[in-house]
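These notes open a run of structures that come right after.
Each of the two complexes below includes subunit A, the first together with subunit B, the second together with subunit C.
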Partner chain A sequence: MNTTVKTLALAGSLALILSACGESGDDNASGGGELAGSGSGDSCVIEAPVPVGAALSLTGAAASYGESQRKGLELAAEQLAEQEGVTYELTVEDDATDPRQGITVFEQFAEDQSVIIGPTLSNGAFQAQPIAQEAGVPVVAISNTASGITEQGDYIFRVSLTEAQVIPQTVEISKEEFGLEKVVVMYSNDDAFTESGYDVFASALEEQGVEVLDTLTFSKADTDFRALLTEARAAEPDAIVVSGLIEAAIPLVTQARELGIEVPIIGGNGFNNPQLMSETGDAAEGVVVGAAWNSASEGELNTAFLADFEEKFGHQPDQFAAQAYAGMTVIDHAVRAGCSGEREAIKENLGAVSDVETVLGTLSINADRDAEHPAVVQVVEGGSFTPLN
Partner chain B sequence: MSESVLVFIALNAILAYSFYAVLVAGQLSLGQAGFAALGGFTAAALAPAPSEVGDLPALLVAVVIGMVVGALAAVVLGLPTMHLRGVFLAIATLGFAEAVRILLINAEWTGGANGMSVTKVVTPVIAWVCLALVAYWFWRQGPSSYGRALAAIREDELAARAMGIDVGRHRLSAFVTAGAVAGLYGVLWAYYVRLLAPEDFDFARAIDGLVMAVVGGSTVWLGPLLGGAFMTSVPEVLRSIGVEAGWIRPFISSALLLVVIIFLPGGLGSLLPRVGARAPADLAEGGEGLAPRSGRALPSPGETVVRVSGGNKDYGGVHAVRDVDLTIASGEVVGLIGPNGAGKTTLVNMISGLVPPSSGTFEVLGTTPGRTAVHKVAQAGVSRTFQHSKLFPRLSALENVLVGAHVVSRPTFLRRLLWLPGARRDESQVVVHAARCLERAGLGDRSREDAGSLSYGDQRRLEIARALAAEPSLLILDEPAAGMNHVEADALSRLIGSLAAEGLTILLIEHNVGMVMRTCDRIVVLNFGEVIAAGTPEEIVNDPAVVEAYLGGDDATPPGTETEEVR
Partner chain C sequence: MQQLLNGLFLGSIYALFAIGFTLVFGILDRLNLAHPAVFAAAAFVGIELVAVGGLSIWVALPLVAVFGAFLGLVIERVAFRPLRGRPDAHFAGLIGSIGLGGMFIALLLWRYGPDTRRFPVEAFPSTAFDLGPARVTLLQVAILVISVLLMAGLTWLVARSRLGRAMRAVAENPRAATVLGLNVDRVTATTFALSSALGAVAGALFALNVNSAQLGMGTAIELKGLAVIIVGGMGSLPGALVGGLILGLAEVFAVQYVGSSWRDLVAFGLLFLLLVVRPQGLFGSRRVREV
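On to the complex of A and B.
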């Protein structure tokens, strides 16, 4: 390689690094008083668009969830823009399911956004959300279910129900419905979400006096569950309780039915995905899913959401999309309540959110900054989720 | 640039350095993620909480714990795997890293997949100070005798052994360095990201570190820093120029990576001017360099240097060497000739300890080659060249000779770290010594060229210069004149003559019979692994068995004919 090319290459990489240094700091959208509006509620008018940053896992291991969330947010922002008075400037960023990216994105959002949504995974949330807390930017978590998320600080809110809110109901209702006495529990122990889900299942089962015959662990990367299922079948349980992600749920449910296991399979939030029926077909019949969102809800908002989502993206939304959509609804409510797009005002009003109608149902934020809304226990019947309660 | 980008550049560069630490010695290890995880988790669990003792003391304790744990893990993994090479080592270390990750996920004290909460202590300044210390370490390591030994092992392990380098020990110490640096990375990571989770030390992380080390340049000490900065800033740049989030960004990053690797195979570091050892302009300076540096006196003339009795080497059913008896006395120049495949090289390989004999007694300068390690034989004073050049191709000619001087130079790395004046003096003395050896082999003006780019004849002479730099008592030359024209061969003959005059014992394998006749005191003829004749050149020329062997063999040129070149 000759010297000219070398020099060019060196200059190029230098420019690359320098431009990384030179970014940020010039477009401070939250500056000025434009974000404070006049009026309140529906009559609120804010001149400048309210900057909302969403740090989602669009690539990497959690990409499938992040993509759903992005669609939910975009649909919500589009529809909110049609209403009078307040508009939102939604910036969706990718954390690549990597803490390094997550932290960097949060740092940038902390500079110029009024409110931050995300990140997708709970582990990433513990790594990134403290940055917003320190910078005094309110965060709305739309999919973190681990305990301790909102304990990180008074700027951290969430609209996603924790496992502790959903799973005990699932166990209780399943017990009533199927007369459960003894179950086998299976969970993937190398994933933060499914592991904490298991913890809640275990304590809920104990509380309800359901005997755990056996506890079997697998890896989130596993696709063959026949050996474990054979072991589970041998214990003759009344049901199999599974804390796993949808990627595990599909082969697990299919293989269980192939092995002749006809007892109910009870899953958590990870199972609440239309793929469960579309990928497994008849095998999904009788699978019980405790979830934060009732896709079959007849509510006006939900019906409209399902239709609009289908029209815009050509497929049904999943729980991640619904929660993302609801997150924007809650933010809009908080912004309009104080008629201000400023951080402090949003923070105050997020804390005061009470009985807001969302696609998840009537939602309130409690004193711990966690969401409270009805959970749903559904069972797959005739190829779709049907409420069990 | 935001705070986190600064910190992650430093952290990524430190991770890349932990790969660089072994890549410079030619080892491909993927175990660093495991070392980092062990170091990070142990430190986070054992170190006092920053709220109790203050941020910096807590971090310092954690760093010490992490680096010690990382280094210990490297020893534990290194001892059973150090004999593995290339992809086998990579797979073994990868298996280790996976085992560590699974262990941590299933352990109670780590919090399993949900991880461990750690106070954030690391600031950009702390991260960059740590990076500076690590980079400083490798900057000082490079041009020390230790650093050159690692480079020699990377370039040609066998030749490094033959130059008296204890390959096992050097490889292990490089591995331990990698473990300690990876442990440092694990601790800094833990004390920056707040949540320490086993998933952050997976296979992808190991690949990240490897890619950054290679993109930056795995043989330039600044390389890992460049690689870390490049790989960390690409996503930031893509974000700031407004490339839409999603698949397109990793796609562009990967494409850029491809471009760099294709157009800069030596990594970004190859753009930097290369600073190598420089030969002093005036070799007459520092005259004391002429004195033997080894402190090892040549054996007194007539003393037995090599004694082989009943030497045998079988490869399966092939008897490469059969019942060879050979004694070489100090000061002798012995020629070893014979047709191709007669077992000459096998015999000298056994004498220099590279190949263990099947049976027979070998004694060389008080060592027992075959049972004594190769580098110990070399340290006893045996130095050799190879039939097929075994130079260190990416090192300069001077650096090659400096590696040759390994056994006669004092270790300088630790003194270089502390800038002790003795290190500089020792280094410049050994450079003068090496430059003289080059000069003597007629390569004085080639000292800065890469060995790999030298002409064939120059490469042969460089090997001789390298062998001479070890100040050997016994010099073994395996076909040194191969590929030389007769002018060069004559010069070589004169060089051998002058070495012999200094009292060096020389064992010479050569097809150029004229040269053998002129330079050797005694000639041993091998055929089909057996000694068929031994004696003075005159006796050999007239030996009927020799004539028969040459006429009957593939090489139909009897010795004593006045051809300068047989090959």
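On to the complex of A and C.
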């Protein structure tokens, strides 16, 4: 399955030709397929399109996330091509939510791509990213939230906030808003992502002095949570804290409200999905989620992104699409900063990314190669996420 | 009290699923492993009928049953009949049905994509009653009533009707049944259709009950269905019913009294113990073969 997206829009190519003509005296510009360009920042001109490979989960368990990411990347590449000077040739390959296939895709990308995006899940990232590190190709992780991703090497960068960055804020602000004293914690214990989310929740709750009445576990394949929720209800908590993926979140929230549990339900990153409201109706009211992306942000970049995405794909973007889009923004910034589409230059400038405006807010890459930008704690009110803080 | 009801509702769906499983096994001595795929397919088709077709759930459910019956005929025709003559027909049919089930799931993936789907929120009124400390929704009551009616109807059908007599004759000895002038092929096909129709209704009800339908939902319940029919006694209809309820209750009480992490261990451990004590299953009779 190979969906190569040539993003040499007509307007983009015209602009390229025009600006190339304007600088005909420059030696660098006449290289023919050169990745090193001339100028810098907005005036940077690189003749050849910069090859960007994205290894996403387009099929398999994480397919709904990968699909969002693909759309976010395509929209970004298309829009970047409309700006003068630099274009990107985006190649999206499917890792089938299988770390082994992720490795194969990375090996292929290591041969001809300037920068690699992905993979979708942290599980796959731990296995595939060392290949890029070995080959000296910079990687931008756009959705991995597990800790240790960027510790794999100095070519691995990440624009997605980790659970460890988001969850403590979620717990702190919820405690202030709802006066939490005692909670019941639920999480699926057969998934690395939700389990690490649980660990962060547990330590954040302890730090804030919130009592945990009971800890209940379920399997990521479970869909009937009534027995667990009945237990949770009996403990009479001030809120229920859940670390689970969206597939579990929707039935869990529905069944909780059905059983008459009216307290806030505080979720991890998996809950941060507009499907939660569209698929559970009124039941989602009072669900609290910490997120890396504030979909309701009034920022100019974000409102334009929402409108453009809606127009191109006919539905609202989710956080995965927003982070993918921001990933391309950051890459474009790094490429233009050094005005070069070559691996070493991109790596160098990714590390120097500081205060870049993205749809996620003002973003910087810190010394650990992790992104830092404001998180948002949102509560579902009247059918949509509203910032709590 | 609430947990008792939770277990009862969960168990009634397990039972409805298992009863379709056990029907084919009891009468034809074949294990149809495409049954879980029918379960999943029915949920997705039911959702499409309600969400896109705009039908009421009460119209959609019978249609889902018809769709299931059709799949049952396909399964019999494609996975079982061509292999009937082989000396290892039991095993060949088993493998054939696994293959066909995989194809059904692949077709679902192609038609609906990998996303989890659900019935629209307004598909069923969200009325709830308070029974003392427990809370029951209208939907759960409806599911219990539908399951019990279908199972009672099936038991009556097999025990009393002309078709049921023919089924039992085929179960006893297919060759003798042919000699007696029964159309064995037709009885076989009808059995598959009935079985899959029940599995299909179970799938749609399950998706309605948990507000979620996934491609893997059949696989998740398959093992439980097999456990239920083994505990109930292979081929026994009341056995599947009681076995389903026992498994549902065991899971729920494992959560309440032992801990959520031990649910499957306790529930399946209990079933295993039952088998050790009563190897033929609750309602099974030891088969006596005279040489």
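In the analysis below, the second predicted complex is superposed on the first by the 356 of 389 C-alpha atoms of A that agree within 3 Å, B and C clash if a C-alpha of one lies under 4 Å from a C-alpha of the other, contacts with A are read in each partner's own complex, and residues count from 1 in each chain.
By our rule, a residue touches a chain if its C-beta (ideal position, glycine included) is under 8 Å from a C-beta of that chain, and two chains touch if they have at least 3 such contacts.
Predicted model, so just to flag it, every value in this text is computed and none were measured.
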Partner chain(s) touched by A:F126 [first = subunit B, second = subunit C, both, neither]: first
Which of subunit B and subunit C A:V92 touches, first, second, both or neither: first
First (subunit B), second (subunit C), both or neither touched by A:G351: neither
Subunit B versus subunit C as contact partner of A:N189, first or second or both or neither: both
Greater residue coverage of subunit A in the superposed arrangement, subunit B or subunit C: B
Partner chain in contact with A:E231 - subunit B first, subunit C second, else both or neither: second
Contacts of A:T280 with subunit B and subunit C, given as first, second, both or neither: second
Which of subunit B and subunit C A:A221 touches, first, second, both or neither: second
Partner chain(s) touched by A:E107 [first = subunit B, second = subunit C, both, neither]: first
First (subunit B), second (subunit C), both or neither touched by A:I250: second
Shared subunit A contacts, counted only where both subunit B and subunit C touch the same residue: 59, 189
Residues of subunit C that touch subunit A when the two form their complex: 2-3, 6-7, 9-10, 113-116, 118, 121-122, 126, 128, 135, 137, 209-212, 214, 216-217, 220, 251-252, 255-256, 260-261, 263-264
Residue ranges of subunit A in contact with subunit B within the complex: 1, 5-6, 9-10, 13, 16-17, 19-21, 23-24, 58-59, 92-94, 96, 99-101, 103-105, 107-108, 111, 122-123, 126-127, 130-131, 146, 189-192, 194-196
Of subunit A, residues touching subunit C in the complex: 59-61, 63-64, 189, 216-219, 221, 223-224, 226-228, 230-231, 233, 246-247, 250-251, 254-255, 258-260, 279-282
In the complex, subunit B residues that touch subunit A: 1-5, 8, 12, 102, 105-106, 112-115, 117, 120, 193-195, 197-200, 226, 229-230, 232-237, 239-241, 245-247, 249-250, 263-264, 268, 271
